[in-house]
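Structures for review follow.
The following pair of complexes shares a single chain, chain A, combined with chain B in the former and chain C in the latter.
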Partner chain A sequence: MSLALHLPALQVVVPLMAAPLAVLVRRAGAAFLVVTGASWVAFATAIALWSATSEGAAVSYAIGSWPPPWGIEYRVDRLSSFILLLVSGMAAITLPYSRASIEREIAPEQHYLYYAMLALCLTGLLGITMTGDAFNIFVFLEISSLSTYVLIALGRDRRALVAAYHYLVMGTIGATFIVIGIGLLYLTTGTLNLADMAARLRDVRETRPVLAALAFLTVGLSLKLALFPLHQWLPNAYTYAPSAVSAFLAATATKVSIYVLIRFYYSVFGESLIFDALPLPQVMLILSLAAMFGASAVAIVQHDLKRLFAYSSLAQIGYITLGLSFGSVTGLTASIVHIFNHAVTKGGLFLLVGGAMAVMGGTNLGRLSGMGRVMPLTSFGIVLGGLSLIGVPGTAGFVSKWYLILAALEKGQWWLAMAIVASSLLAVAYVWRFVEVAYFRPPQGDAVDLREARPGLLIPAWLLVAATLYFGLETSFSVRSAAAAAGMLIGAGR
Partner chain B sequence: MTGGESILAALAIPLVGAAAIAACGRRPNLREGATLLTSVLLFACVTALLPEVLGGGRPRLRLLELLPGLPLAFEVEPLGMLFALVASGLWIVNSLYSIGYMRANDEMHQTRFYVLFALALAATIGVAFAANLITLYLFYEMLTLVTYPLVTHAGTDEARRGGRVYLALLLGTSVLFLLPAIVFTWHVAGTTSFVSGGILDGRLAPLALALLLALFIFGIGKAALMPFHRWLPAAMVAPTPVSALLHAVAVVKAGVFAVVKILLYVFGLAALAGITDWLVGIAAFTIVAASVVALRADNLKRRLAYSTVSQLAYVVLATALLAPASVIGAVVHIAAHALGKITLFFAAGAIYTAAHKTEVSQLDGIGRSMPWTMGAFAVGALSMIGLPPAAGFVSKWYMLSGAMAQAHWFAVIIIIGSTLLNASYFLPIVHRAFFRPASPAAAGGAAHGEAPLPMVIALTLTAAGTIAFFFAPDLPLALARQTLVTP
Partner chain C sequence: MIAGSHLSYAVTIFLMVAGLFIVIARGNLIKKLVGLGIFQTSVYLLYIAPGKLIGGTAPIIDAQFRIYSNPLPHVLILTAIVVGVATLALGLALVVRIREAYGSIEEDDILGSDAAGPTDAGPAR
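This part shows the complex of A and B:
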């Protein structure tokens, strides 16, 4: 069937077309339908692509029928199909949620803009994951970043604009570093196709320009994935953005940047350069530990629930990069599976917080007092999501923790295993701040409308909470996909 | 029903029961009926597994693959069978008692209370029937989380603070020590299944084995071994039925059960030879130090809490001695102590409900107005001390036999010495209650009679059970002996 042949292109084109369409129709209801439809089509496409690659074969598609390495190639293998599923799935859940959520959070005349920008952001993220061309990565990265800046600025709070501007400055610096890195790679290899680049880099691996390219790419991507100490844009961006945006970004934006890092490290530069020739793993280890402990500690003293979860995200990103720093199959499996598990957990948490905001009028912990009695389902959902952040068995977070600890013990690094579990205890401290506020204090007097959140807000959120529990018990999909991807990446390395 | 189906039913009944209790929330009598029915059904289901286990069979159930190579699986063996019998049997009595207590004290959030109890029992059955470490760990953590709202039931600042200590110590020990120990066991042995004789055979050097043992022992915070015992007195902020659950039925027994199970089925008695001396020392210290604190405690529940810490350490001490007789004593003590301690807590709750008294010094002459309660208390005290005709005598006999067989005179001295200590902080209470006149000042409020009927029935039942255990200990002894048999 000819449609199946063009699936890789459709994956990106469908949401891309939805964006100007949303602007054209102008009316919020119509824009919502267009973009939500597009996201569901994108999700279906991702499922189809995932089943196509589940045997191990990679799907390759030449844009415009120009053959690679001169033309742009879209390449889907086990890792990218997994990420595609995650990103499109998140969009598919967040969009129905947005309908109810942005009513209070974004000015009505800007709703169509929200949908258009979300479609563009989705396009960008899917494009980054799909493409096998280095400069194409940069183009899609910019598409997703620019639309993200707009999305954050749409927030109700005045500080949203400042947060967006801050993110814009830092994001542009990051993107500039990335394009410099790509430029240097092009300079030394003469090609922009990732697979071709990998083959050509073998000869010039340890030359200065290549090492400089690696450095630029690492720093630029670290900015995008908010690795400590290049994380300062994230807390404000997540806190002041509209709830649906926070959820979508927390689940996807940093994760895709991590994907690019993994792709460049393993499929382009090769593990022998990264792990044997350079002290990159040690640096990443130290920064990851700093993120895990520092961000968790800061989360404990936050007064705003969204900001608390933003810092929690920084710590969880630390777990993912920690897994990367091991350089072993188990470590990489831990990273990839945590990309998935954390996205599901944090997405659900931010969606629930959005529901809380709609009812209680704000996300300050003082405002959320007594939430357990007023909004029992939302509060319980946040507790369950919190348990996944801690890594309680039966939740998705436990699966990632298990593999992280196993990776550390496989290397005989007991101190690291203890550090990982110790940081989980910090998570107990900040999750329990919410528990005590929600269940041990009486509700505030001036809450807007003291009922549970509307189904439109509650159902998508609880879908993700249920997924957090489901993927904590039925791990065959997440773990096998991650292990297969890790095995493929490390096996193919030199 | 096959064995596997019975296991599934045993797990499902309390979960379904919890939902039913929640649904009946608006109709208290229906709700209480649901609790009682659920507990009776659970006990029946657990008992149905008994013949097969006594005959040497091991019913199994495999639910799902949690992680590749790590299934969520269940297997009923004698030790787990005994624990499940104690837990499910005492839940029935505890439910009866709770009904009396909660209604007499007009407690808030009763539906939540009964629902959480059912969930806690589900977790307990999961722990009892776990076939491997990962399953044990999952239900162990579930038990901690489900009992937290029970401990903080009152919702006061004091309850919140107690809950913090409870959670910090239990989650802290299990995440910091138990989880790495389990991952390491998986890494070394390639499996986490409980196998008679252990799974670490010859894979680790003695020092590494001893360190792993330490990680496991301190990781099981529910066993209340010092220095991670403070959660137990901190949890006394809970309503007394919860304390009865914690101290006799579910939480602490899950702790010592896990310790014995891991010592026997992960390490194996043979592999442990020579590396448990430090454990004997820590257990001995806990026994004595906790008894000394109990001696000086005036608050009755606090005294009982530290008595529990001390009694749990008996189980650890006896198992660490590695003698067959003492291991049998340890296993039997899981049941014997449960019966005795629940009686004591029931009595404490009855005293609070009827007379609003919480301190030992207020109990002068109370035996006259509450003869059934204090009679039961006396039986429970006898069991703690280890005197006939109470249950505690049976287990203590075996523990002493094992210690003497090993010529482990230190352990013998500790056991005998602590018996005297137990007597010194329990017998005075009984003496005060029956042989001192009720002083007018201590009487305080109006004259009072016995506690409400459901509570009196419950404590009479458990006191009778404590005595019956002494005269007919065959079942627990049979199960304990079977635990040592390597198939």
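This part shows the complex of A and C:
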């Protein structure tokens, strides 16, 4: 069927067309239907693409029928299809949730704009994952980033505006560094197609322009994925954004930047440069450890639950880059599987916190005291999500930590395995802060209309919590996809 | 090797560093955006200057024109300019809203009034 031939293009075009349609229909209900429908179509397309690539074949699509490397190529392989499933799945779950949650968090006349921006953000993220052209990555990265700045600024606290502004400045510096790196690569190789670039770079890998390009790309992408010490924008952005936006961003934005990093390191520059010739693994190891311990420690002393989970996200991103720094198949598998597991966990947690904010009026830990009695399902969901952040067996977080420790032991680095366990103990401390406030304190005095969150808020959140438990027990999908992707990347082009 | 042949790269580096310095060193939100614009302009020069070949013409297919300058960087930079314009517009819109909410566009005043303010997500604006 001819529709199947155009699936790669439809994956990006359907959400892209939904955005101006949402602006044209103006009414919030109609805009919601348009964008949610588009996100579900995108999810179905991602499932179709995943099954097309599950045997190892890559799907290549020439935009405008211009053959690569002269034209822009959309290329879906095992790694991209996994990330596509994650991003479109998160959008498909967050959008029905938004309908109920933005009623209180965003002014009614701005609802249709919220849906349009979310559609654009989804387009950008899907486009980054799909494309096999370096400059196209930058264009889609900026599409997703600009819509993210607007989404964050829609938060009801005035500090959301400042958070969005700071994210704009830092994010633009990061994106400009990325475009400098791409420019140096283009000047060296004469091509923008990633596969063609990899072939042409093979002879000139250790020349200064290529090393400078690698440096610019690493710093730019580290800014986008909030690797310590380029993480300053994240806590404020996640805290003051609307709940649905925090959940969607925590699950997708930084993960897609990590995907781009993995793509450039393995498919363009090649492992022999990154892992053998340069001290990059050591630097990434140090920064990951700093993120894991530093961010977890800071999370323990936070007063606001969203900010606590934002710092926890920084620590979990440290785990992902730690797996990347090993350079082994197990390490890369751990990274990719944690991209998936953390997205599911953190998305569910932020959705639950949004439900708590809707009922309790705020996310300050003092305001949430006694939550366990008033909102039992929400509190229990947050506890389960917290167990996944710690890495308790039976949750998704345990699977990622298992593979990380396995990768560390493979290299004979026992101290690193101990460090991973030690940082998980820090996670126990900040999860306990919520448990203590929710279950061991009496509810606040002005409790008038306190009951469990509405089903519209509870069901999508609990879907993700259930997924956290499911993927912690039944790991065949996540681990097999990640291992297949890692196996394909390592050894493909040394 | 003439020093002049590296003039475009020298200007690129100067603009890049000047732009970044302005973003970091100036507290006024609009001045930061100006610095960001200067930083992005340096990248345009980085792409376009090497595209010009000595003795190269525009890519016109004719017997008398043998060497073509590369037209692709121009296309890429048109896209990058549009991205820069969109970013600037969005940044300025945010500055307008910040001015309405805080009464100031100096970063020190804004951080100061936030430090004194509430510690949780406050009431709707």
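The rule we apply is simple: the second predicted complex is superposed on the first by the 492 of 494 C-alpha atoms of A that agree within 3 Å, B and C clash if a C-alpha of one lies under 4 Å from a C-alpha of the other, contacts with A are read in each partner's own complex, and residues count from 1 in each chain.
In this text, a residue touches a chain if its C-beta (ideal position, glycine included) is under 8 Å from a C-beta of that chain, and two chains touch if they have at least 3 such contacts.
Here the structure is a predicted model, which means the values were calculated and not measured.
Asker: Between chain B (first) and chain C (second), which, if any, makes contact with A:57: first, second, both or neither?
Answerer: A:57 contacts neither chain B nor chain C.
Asker: Touching A:5, do we find chain B (first), chain C (second), both, or neither?
Answerer: After superposition on chain A, A:5 lies in contact with neither partner.
Asker: Tell me which partner A:418 touches in the superposition: chain B (first), chain C (second), both or neither.
Answerer: first
Asker: Touching A:363, do we find chain B (first), chain C (second), both, or neither?
Answerer: Only chain C is touched by A:363; chain B is not.
Asker: Between chain B (first) and chain C (second), which does A:406 come into contact with in this model arrangement: first, second, both, or neither?
Answerer: Touch status of A:406: first partner only.
Asker: Give one of first, second, both or neither to describe whether A:475 is in contact with chain B, with chain C, with both, or with none.
Answerer: First partner only.
Asker: Please name the chain, chain B or chain C, that touches the greater number of residues in chain A.
Answerer: Of chain B and chain C, the partner in contact with more residues of chain A is C.
Asker: In the superposed arrangement, does A:183 touch chain B (first), chain C (second), both or neither?
Answerer: A:183 contacts chain C only, not chain B.
Asker: For A:301, is the partner it touches chain B (first), chain C (second), both, or none of the two (neither)?
Answerer: Touch status of A:301: no partner.
Asker: Looking at chain A, which of its residues have contacts with both chain B and chain C?
Answerer: Common interface on chain A, chain B vs chain C: nothing in common.
Asker: Could you please specify the touching residues of chain A with respect to chain C in the complex?
Answerer: Touch residues, chain A against chain C: 107, 135, 138-139, 142, 146, 149-150, 153, 155-159, 161-162, 164-165, 168-169, 172-173, 175-176, 179-180, 183, 186-187, 239-240, 303-304, 306, 357, 362-364, 366-367.
Asker: Could you list, by residue number, the parts of chain B that touch chain A in their complex?
Answerer: It comes out as residues 64-68, 72, 134, 137-138, 141-142, 145, 149, 152, 155, 160, 164, 167-168, 171-172, 175-176, 179-180, 183-184, 186-187.
Asker: Quick check: in the complex, which residue numbers of chain A touch chain B?
Answerer: 387, 390-394, 399, 401-402, 405-406, 409-410, 414, 417-418, 421-422, 424-425, 428, 432, 436, 439-440, 473-476, 479-480, 483
Asker: Residues of chain C touching chain A in their complex?
Answerer: Counting only chain C, the residues touching chain A are 20, 23, 29, 32-33, 36, 39-40, 43, 46-47, 50, 73, 76, 79-80, 83, 86-87, 90-91, 94-95, 97-98, 101-102, 110, 114, 117, 119-125.
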